[in-house]
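Chain naming follows the written order as A, B, C and D, and within any one chain the residues start at number 1.
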Amino acid sequence: MIYSPRILRNEINTPTVNSLYFKLDIPVEPGQFVMVWVPGKSEIPMSLSMIGEEKCLTVKKYGDTSNVLAATKPGERIFLRGPYGKGFTRVDGKILLVGGGSGMASLRPMFNENAHGLIAARSQDELLFKELFGSDKLTVATDDGTSGIKGNIVEGMKVLDLESFRMIYVCGPERMLKSIVDYVSDKKINMELSLERSMKCGIGLCDSCSVDGLQVCRDGPTFNLEEVKKMEEFGRTRLSESGKRVWFQ
Amino acid sequence: MSKPDISTSAGSLQLSNPFLLASGILDENGYTMRRILDEGAAAVVTKSIGMEERSGYKPPIVSVDDPIVINAVGLPNPGILNVGNEIKIAKKSGKPVVGSIFGKDVNEFVHLAGKMEEYGTDAIELNLSCPHVKGFGSEIGGDSSLVKEIVENVKGSVKIPVWSKLSPNVTSLIDIARAASDSDAIVLINTVRGMKIDIHSGRPVLTNRLGGLSGPSIKPVGIRCVYEVKSSIDIPVIGVGGIESAADAIEYIMAGASAVQIGTALWKHGRGIFSKVSNELEEFMAAEGYTKIEDFRGLALT
Amino acid sequence: MSKPDISTSAGSLQLSNPFLLASGILDENGYTMRRILDEGAAAVVTKSIGMEERSGYKPPIVSVDDPIVINAVGLPNPGILNVGNEIKIAKKSGKPVVGSIFGKDVNEFVHLAGKMEEYGTDAIELNLSCPHVKGFGSEIGGDSSLVKEIVENVKGSVKIPVWSKLSPNVTSLIDIARAASDSDAIVLINTVRGMKIDIHSGRPVLTNRLGGLSGPSIKPVGIRCVYEVKSSIDIPVIGVGGIESAADAIEYIMAGASAVQIGTALWKHGRGIFSKVSNELEEFMAAEGYTKIEDFRGLALT
Amino acid sequence: MIYSPRILRNEINTPTVNSLYFKLDIPVEPGQFVMVWVPGKSEIPMSLSMIGEEKCLTVKKYGDTSNVLAATKPGERIFLRGPYGKGFTRVDGKILLVGGGSGMASLRPMFNENAHGLIAARSQDELLFKELFGSDKLTVATDDGTSGIKGNIVEGMKVLDLESFRMIYVCGPERMLKSIVDYVSDKKINMELSLERSMKCGIGLCDSCSVDGLQVCRDGPTFNLEEVKKMEEFGRTRLSESGKRVWFQ
């Protein structure tokens, strides 16, 4: 069934990211996602960045569909189905939330007073949800060095005592995740990663999101580090829209 | 009592159990097919493959309204030239892989079948439900002379078994099945033409507007089709449509099916469905005193 | 805001709301039809009536596997000569009664329609889904030249509106709908051919073995049929198939239907469904700001 | 869905009535019925004469289908769907159970220590379930006078103080019910009647069981006296298998 709540507020988070707030009374686990339909455009997977009675989609304007979605005005409807997928495991104690791109959106429901944030972006004004974290609990990396560490997210990880966290939660594009997994491969840490593969059905039928025979939409999007390390396809190959095997550059 | 024997065959193809993965569901990526075989499917049928690479329709490609599933994926496929590697990966499981193909005419079907045989598939499934280029709005599978021509020519050009997958969206299924009776097996059914409109946007949900209904809603149609064909034509039939449990599969087998395929149920049950239904089938057979599939195959026909 | 206006019309027939009782469900007995009209249906369509009295099939005439309903009642009917009194009883409600008829050829249809007009029915519904005497196993509604002949002759012989109820079990619905386009309205759809086998007895459940699938499972098929016909032919359409709520009816109306019929839902919801759906429809229209049915009829077609 | 329990015991109640016992874990109200399918024969409505975990069908051999059903052997399966319909209303205090033909079958689940029975049959050996009642709580009427009052069920009613019962429950063929309703029409009593009309679908679709626009299978089979009194069709006309209106003789 398709839910069609009306937007209450549209908040501008960064020049490329907006958050759409709405009421919808369905249970959602942190890390789960919905398929959002923009009639006339397409249907795209989106994490829920708030999961209480009031819910939120945090939309980065990548292309055609996300641009229209991000422009939804208060009072207008959005159309979505779900929630789908497996959420993050909750733990007690110190946790680290690592988000690149729109990644912090799906991590936001995991935020609590024990959470430390590591946020990476191209530039200072694209750091999503950094205001959640007190300055003592925030690490920032920017490609252009306009804020925090100059460099990519792995540079940010290097300054942190990763083993001091009960769990590290990571969300971002697969290339970013790959470099993180390579970096931590010999470290004794607990990590869960939310994978972003392109999705057509969202319900485990179309095979477009699969990695090593696992469906990101159903077996994931969250996987623990050990599962990810075993994946032959992870960070190497994926199928394009047509089903043709292509390599990550 | 010893464990019931759930092995079967579809024509000359031996199967360790009656449950195959249906075409179009989780069978684009070789790794996925391999995993599904490893987790208990007796064989997989690949996504339908055509001559050229195609992206298919933009999402929404499925409309989901439990238990109603309607899809219009638009035959995305990497093109026959790009599919050999996926089949190679899938075949590492050691189990049969069936190559599904679609074309716009006889020549395409013959070419595609030859390539699939080259790639080492164990059988060919002709998807005869794709849109008919000449007959606007209808399907190749609705034109019995075209079906006959395709089946005879493909049969003449490959050595591996050839299955014909037919559409239920026809006035007289028996006529089409007769036209396809040179096949080694008939696969019944493809999806039932359907549509969903969202009343809050006032729009058809699927980008393609029209789609194909699958899942439990169409099981009665699939059972009827298998029963109809088995009542008049002596040919192996593989049942597909709405199977979620061994009970569903047994219904198809009692209607005369030799094996069955599972598609949409992967949505609710995940890949684990294959071991689930095999276990359920063994339990049913043990409880009813059946020792092999043949003991109850076609029971409802008599 | 004033209450939304849910009245509509099917061709020239004015209806106080869009919800009619479908043929074959609770419409054999005049008292039942009258009660259903009193409880909120805008009109009723009688059970399909033929030339001679027929008992229909022995039970089981329905297979019920929630939400799947399959029936094969076998067209029981008292014969056209015995039906006048029931129509008289039903008409005491003051609301329209539509006479459904089935025949084996044009002459029968013309005779039956004339009798129905005599009895005072407000329209005729031609049930074109009955078995085709010439075409074994298929339905009259699958033969476009026969459909054309029946529709034209009945239209020429009565003054009241003539509706054609078509079957979805055809290769090309558009061809059939064109053949029926002399009708005042087209009614879509009749049941989808299906079957149920009981796996513990190994037997088809229905005495007739094959039956017709109805209820929510076939709604996507009905929506597709209405949409397909409204996309190509400019004719009033009445939607039927799987309607249980105003939302379902709105989907049909957005696909282009002028009114809808309800059948199988009487099972789950009882006769109270008619007032339920009218209320739901008013609520939907008020919430969405629609003042009349025309505001959203055919919305999905654009 | 069709249940297919195996019969545990087949008990002979009278020369024409057998009771089939089986286990089936579905909730049933007293007065509800099931549709029993005898493959190759037909499908017929049957009340449940026991409604606990162990259930019972009490079958009078009227014709083709009931004859085969009544002959089911222990270990063999029966096939049924349901339960359907509206059960009897339960009351505290003295009640009267009035059964003719196989009627006492559907009343048996209402039996308790406050129940008085009125059983009518053609002849002594056809009195169904008379052994349920102590001799001080049983009234019997037989057409041939071989037991109890000679005469029909109304003769039996005449000897009872009907107004002393909190509720009178009646089940039997419609002609019998009609004579009862006529007899009590001017009496101040509470009565519920279970109607037996021929049923094809059992679920309110086919119209074969309707009385005055009410479906016995769905609105009934139990109705209270006031409802029945209002029915124009009751005891007068019904539709035959074909839908042709016929009169009760």
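As a working rule, contacts are C-beta pairs under 8 Å (C-beta built on N, C-alpha and C of every residue); 3 or more make two chains touch, one makes a residue touch a chain.
In this text, all values refer to a predicted model and were calculated from it rather than measured experimentally.
Using mean Cα coordinates as chain centres, the one most removed from chain C is A. Averaged C-alpha coordinates put the centre of chain A at 65 Å from the centre of chain D.
Distance between chain C and chain D, defined via averaged C-alpha coordinates, is recorded as 36 Å.
The centroid of the Cα atoms in chain B and the matching centroid in chain C are 33 Å apart.
For chain D, residues touching at least two other chains: there are none.
Chain C has residues 200, 203 in contact with two or more other chains.
The touch graph of these protein chains is an open line. Applying the touch definition to every pair of chains gives A-B, B-C, C-D. Here chain B touches chain A in the complex through residues 25-29, 31-36, 47, 53-56, 58-62, 64-66, 69, 71, 73, 76-79, 82, 85-86, 198, 200-201, 203, 205, 207, 263-264, 266-267, 270, going by the rule given at the top. Against chain B, the residues of chain C that register as touching in their complex are 67-68, 70, 135, 137-138, 142, 169-172, 174, 192-197, 199-200, 202-204, 209-210, 213, 216-221, 223-224, 227-228, 247, 250-251, 254-255, 284, 288, 296, 299-300. Interface of chain D with chain C (complex): residues 1-2, 4, 35, 37, 39-44, 77, 79, 81, 199-208, 210-215, 218-219, 232-233, 239-245.
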